[in-house]
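Each of the next two complexes has subunit A plus one other chain: subunit B in the first, subunit C in the second.
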Partner chain A sequence: MAATLRDVTTYDLKLAAPLAAGFVLFFVTPLVILLALSFQTDQQGGHYGLTQYVNFLGDSFSLGVLGSTLWLGVKVTVLTLLLGYPVAWLHQRSPGWARGLIMLLVLLPLLTSVVVRTFAWVVILGRQGIVNATLAWLGLIDTPLKLLYTDGGVVVALAQVQMPLMVLPIITALSRIDPNLADASSVLGAGHWRTFRKVILPLSLPGIVAGCLLTYAAAITAFITQSLIGGGQMLFMPMYIYQQASTLQNWPFAAAISIVFLVSVLVVVSIFNALGRLSRGYANA
Partner chain B sequence: MSNIAGRRIDLDALSFRIVMTGIALMALVLLVAPTVVVIWVSFTSGYSLKFPPPGYSLRWYGELWNAWQLQFAMMNSLKVAAWATGLSVLLGVSASLGIARSPTLTAKVLDSLFLSPLVLPALAFGLSSLMFFSMIGVPVSPLTLIIGHTVVSVPFVVRNTVASLAQMNPSLLEASSSLGAGRWYGFRRVTLPLIRPGIMAGGFIAFMASFDNVPVSLFLRDAATDMLPIRMWQDLEGRLDVTVAALSGVLIVATIALMLVMERAAGLSKRLT
Partner chain C sequence: MLLTRRNLMQTALTLGAMHAFPGLTWAQARPLVFATFTGSWEEAHKAVLVPAFRKAADNANIVLDPMLSVDQIAKVNAAKSNPPIDVMLHDPGPALQAIAQDLVEPYPVEKSAYYKDLIPAAQVPMGPSPFFQVVGITYNPETVKTPPTSWADLWKPEFKGRVGITNLNSTLGTGFMVELAKMHGGSEANIDPAFKAIEALRPSLAAVAANPGQLATLFQQGQIDISPGNFNAIQILKARGVPVEFVIPKEGAIAFKTTIHIVKNSPNKELAFKLIEAALSPEVQATLMEEPYLIVPTNTKVAIKGELAKTLAKDHAEIAKKFVFQDWAKINEQRAAWIERFNREIRV
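Entry: the complex of A and B
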């Protein structure tokens, strides 16, 4: 009898078989081939070794590209956190209609095409763009500043593009905090800053960690924004992989760079996941 | 004395609110500004994306009727996104039903597998797919594109459907079964209606993810299957085309309309947080 009862509420695991088969064939197998190809020593194939990895790790140019990509992610994540946290905070303490409006404004960039979003930044940061036009109108500059194709431009554009990924998990974390805790803290004599630092911020850590993970992963893999705002002068890992594969047709090297990039992303993801577990323990303590 | 203390607390509260609200408003302006700017300059009467525009007209929206390359790419993107979304919903919902309430290790492993495209760099997956298809001798075609897009879109459907299933009260199914409903009837009349908003939200995000996908399309498309985001990207790399601004305006309005529809039908914003 108990068995029949359980049967109604669960569905057969076999229902997952078609997707599982599809993933093994079209997701896992290609990645295994990518890994195998990265060990080929030359483009003709046949010989296997660590040549491609030695080439990558022994080349200061390649290491520079990897380093600047990982560092770009750090800068974007920090800026996104500084700007995004107050948005989540404001959403949490706004009346209903304002909440809806803030949510719409946060979701809009998430759902707008990434080319459109990036294109807007080209218009804003260009020589005849808004920033330069405004500065010239205020009489602060005589000649247009170079904003496109700069590091700062890439960071700001990516921060806008990825901000929803930071704001949404923090909103979730903030909404789970018992409002009585803040009241208790202020009754005990703590000011707003102190309550924020000692109560709200630690309790929202799981949301912060989740947001940072999503933002970081999205920022370092953001092919379109990196290439349109960064231009030809700034090379990041996704474009480096694309150039090696498509323009130079050097598949084994492209495969090796992809694996290096993939492993770097997985390492960062595991670090964030470990931090997430720690912060959940901290928040629940 | 108490007066001074009171004032200090006020200053503390005030400074905290001013700083937080100030940064939040700045961030909200930053979030909206690009969208507003694109729509604004798309109405320019000039030939360049100068700011402010020299005059206003609808000419670039009119130009869209003649921009056959963009229209062709748009049709391709819509077709691929529709197929990828259909497949994602079909396979993703079925898989979610299988794994959602199962306590087995297999279910947990499958869950992580189905979600893993979200964290892996999509460009690496695009490249590996191209290598795979060329190795087994399948030339790139709309079919390879649809397969690649489905892999990167499925996680959104699985995540939302599994979440909906987890929130569903299982005793409702027990009740329907004790009232004599068969498994299929119970699924159709109890489970499906309850998880429909989750499926719709997941399907919507999957559609947007496919329609906007660059990293996978970059490797799996050929000249016959030009995709819209890539066409736009290549147009923008060459020169700043005002037609692209007009098209962006159309896409933004369509996105907002879809978002509002999905918000009413599936409570989209609640499902994203």
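Entry: the complex of A and C
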């Protein structure tokens, strides 16, 4: 009987052909063209070499832009995790009606355009915005604080905009944990905090890793939020690429910095993935 | 034909496909594609220029494709032999790029009925200028009691932390830098004095906007009280009830020629010509001069009236006196280096 069962892993590969063709046409080909473009030594084309990469990697300013972009992602991810985990936890612990409400609140931002959400933050953080108005009303400040066009403002706005990407995977991970495990832990004498630290947190690690990965990738590439909240003074990689490609029409350099950015992001993603594998081992141990 | 499920499916799919790709069924020439700017420009062109063109061109089909100048260049560059755009609209910097990259046709000047009536600055053989953009000082009259009179007023100590500028990605930002350089003994070829001046302005800066559109938001939010600004953008803000005024500084207003071009290899050259003629015509320009558009006419047959006469200039002679046109060929030579330098020096 077992022999007649079809092995589900050996389905005909032909079924994947249309998707594969689509990928090659719309994803791999442009990427190859981008790579080729990045090796052009001048804007007119014709000559190939490593000039653009040397220009980028040999320039402390450009490396600074890359560094501050990657670091921005770290800050946003940490903040989103710190704020998002309790929300996911609350969702898991709430009665049915409250769960629906929390889920709606988490999903609501996803249903709004990112431009609208970002403009809301412009209103909140502005000189006469909600934050400054409240602080002034409470008598805590005399002159409005500068919140917009600061690093902190960008981090907070990005954290809110990307929050669903963090909360949803953690909710999924938490919902997979058998509730009996927590009971067993407390029967064996562990307090709430210890149960959380020793049982719940390790088991939810895959969700955390997935959430961090999504948030990180979305935060560092968020052109709109970065430029609207950060203003023209703060330069991050997406704006740098846009400036070189569009304003200056320097496509080879824009292509080279896109490739550098892509590779850096892939490196960060693989570190996250390695952590993810470690966490699976930890969770199963 | 039998009415089977398969036949029905086939018919439905074919009809659907015909709807999705109209080109399949009506093999006709595509409509004239006019790449205008987004926002108020698109509105003005849709309301005034398009109807005038339709009247002149026998109701020919026209599509507006609003985007930035640099994106128009990228789009045409990507398909030079069969460009997806017939008429391009450019600020002075990108216009020279488009010409240098051989993307536009010379304008058939001898065929044109209106070209010779344009003010001399607007007579550009590679693409005439149907409109100007005028940059002066914009300020919030509720917080700035004495109207500013000079660019130098931006450096006044009372505006500490209240001044806005844009970075050099935009024509506005770059043009302002050139004007600063000129004020302090520099020129299109020597920008150093402008960077020194901006360095001195730094304590006063509340924000460096990523684009001119962001300046509008900054005024609305009360984030800034004074900035270099575009005359038309201010009118839109004013119409929305934002307290904001525009003045021409005594150094003169910075004026940008907005030029209109026939794209090389366009299949619709005749229609493109008709559209540009409509844009140059006194009728269209006179309408665009009125509320709510307030666009500066370049055709000398149009008498300047209303809000424009009040705020900008009474006639074309005064325009010639009060407006400063910059040498964008010179600017383009070094613009990349300036942007780079601005990136490095004007960071928080």
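As a working rule, the second predicted complex is superposed on the first by the 265 of 285 C-alpha atoms of A that agree within 3 Å, B and C clash if a C-alpha of one lies under 4 Å from a C-alpha of the other, contacts with A are read in each partner's own complex, and residues count from 1 in each chain.
One rule holds for everything that comes next: a residue touches a chain if its C-beta (ideal position, glycine included) is under 8 Å from a C-beta of that chain, and two chains touch if they have at least 3 such contacts.
Just so we're clear, the structure is a prediction, and the values are computed from it rather than from any experiment.
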- On subunit A, do subunit B and subunit C fit together or clash when superposed? clash
- Query: Is A:129 in contact with subunit B, with subunit C, with both, or with neither (first, second, both, neither)?
  - Reply: both
- Query: After lining up the shared chain so the two structures overlap, which partner does A:249 touch, if you call subunit B first and subunit C second: first, second, both or neither?
  - Reply: second
- May I ask you to decide whether A:228 touches subunit B, subunit C, both, or neither, giving the answer as first, second, both or neither? both
- Given the superposition on chain A, which partner contacts more residues in subunit A: subunit B or subunit C? B
- Message: For A:150, using the defined touch cut-off, is the partner it touches subunit B, subunit C, both, or neither? Pick first, second, both or neither.
- Response: second
- Message: Contacts for A:174 in the overlay, against subunit B (first) and subunit C (second): which applies, first, second, both or neither?
- Response: neither
- Which of the two partners, first being subunit B and second being subunit C, lies in contact with A:165: first, second, both, or neither? neither
- Item | subunit C collision site on subunit B, chosen from 145-153, 235-243 or 253-261, when both complexes are overlaid on chain A | 235-243
- Query: So which bits of subunit A does subunit B touch that subunit C touches too?
  - Reply: 119, 122-123, 126, 128-129, 227-228, 245-246
- Message: Quick check on the complex: what are the subunit C residues that touch subunit A?
- Response: 68, 70-71, 73-74, 97, 161, 166-167, 169, 173, 206-211, 214, 217, 221-223, 335-336, 339, 343-344, 346-348
- Going by the contact rule at the top, pick out the subunit A residues touching subunit C in the complex. 61, 119, 122-123, 126-129, 146, 148-151, 227-228, 230-235, 239-240, 243, 245-250
- Query: What part of subunit B is in contact with subunit A in the complex they form?
  - Reply: 9, 12-13, 15-17, 19-28, 30-35, 37-38, 41, 48-52, 91-92, 94-95, 97-102, 104, 106-107, 110, 113-114, 116-117, 119-125, 127-132, 135, 147-148, 150-151, 154, 170-171, 173-174, 176-177, 183, 186-187, 208, 211-212, 214-215, 218-219, 229, 232-233, 236-237, 240, 244-245, 248, 251-252, 255-256, 259, 268-269, 272-273
- Item | In the complex with subunit B, residue positions of subunit A that touch it | 5, 8-20, 22-23, 26-31, 33-34, 37, 82-84, 86-87, 89-90, 100, 102-117, 119-124, 126, 128-130, 133, 156, 159-160, 163-164, 168-169, 171-172, 175, 191-193, 196, 217, 220-221, 223-224, 227-228, 237-238, 241-242, 245-246, 251, 254-255, 258-259, 261-262, 265-266, 269
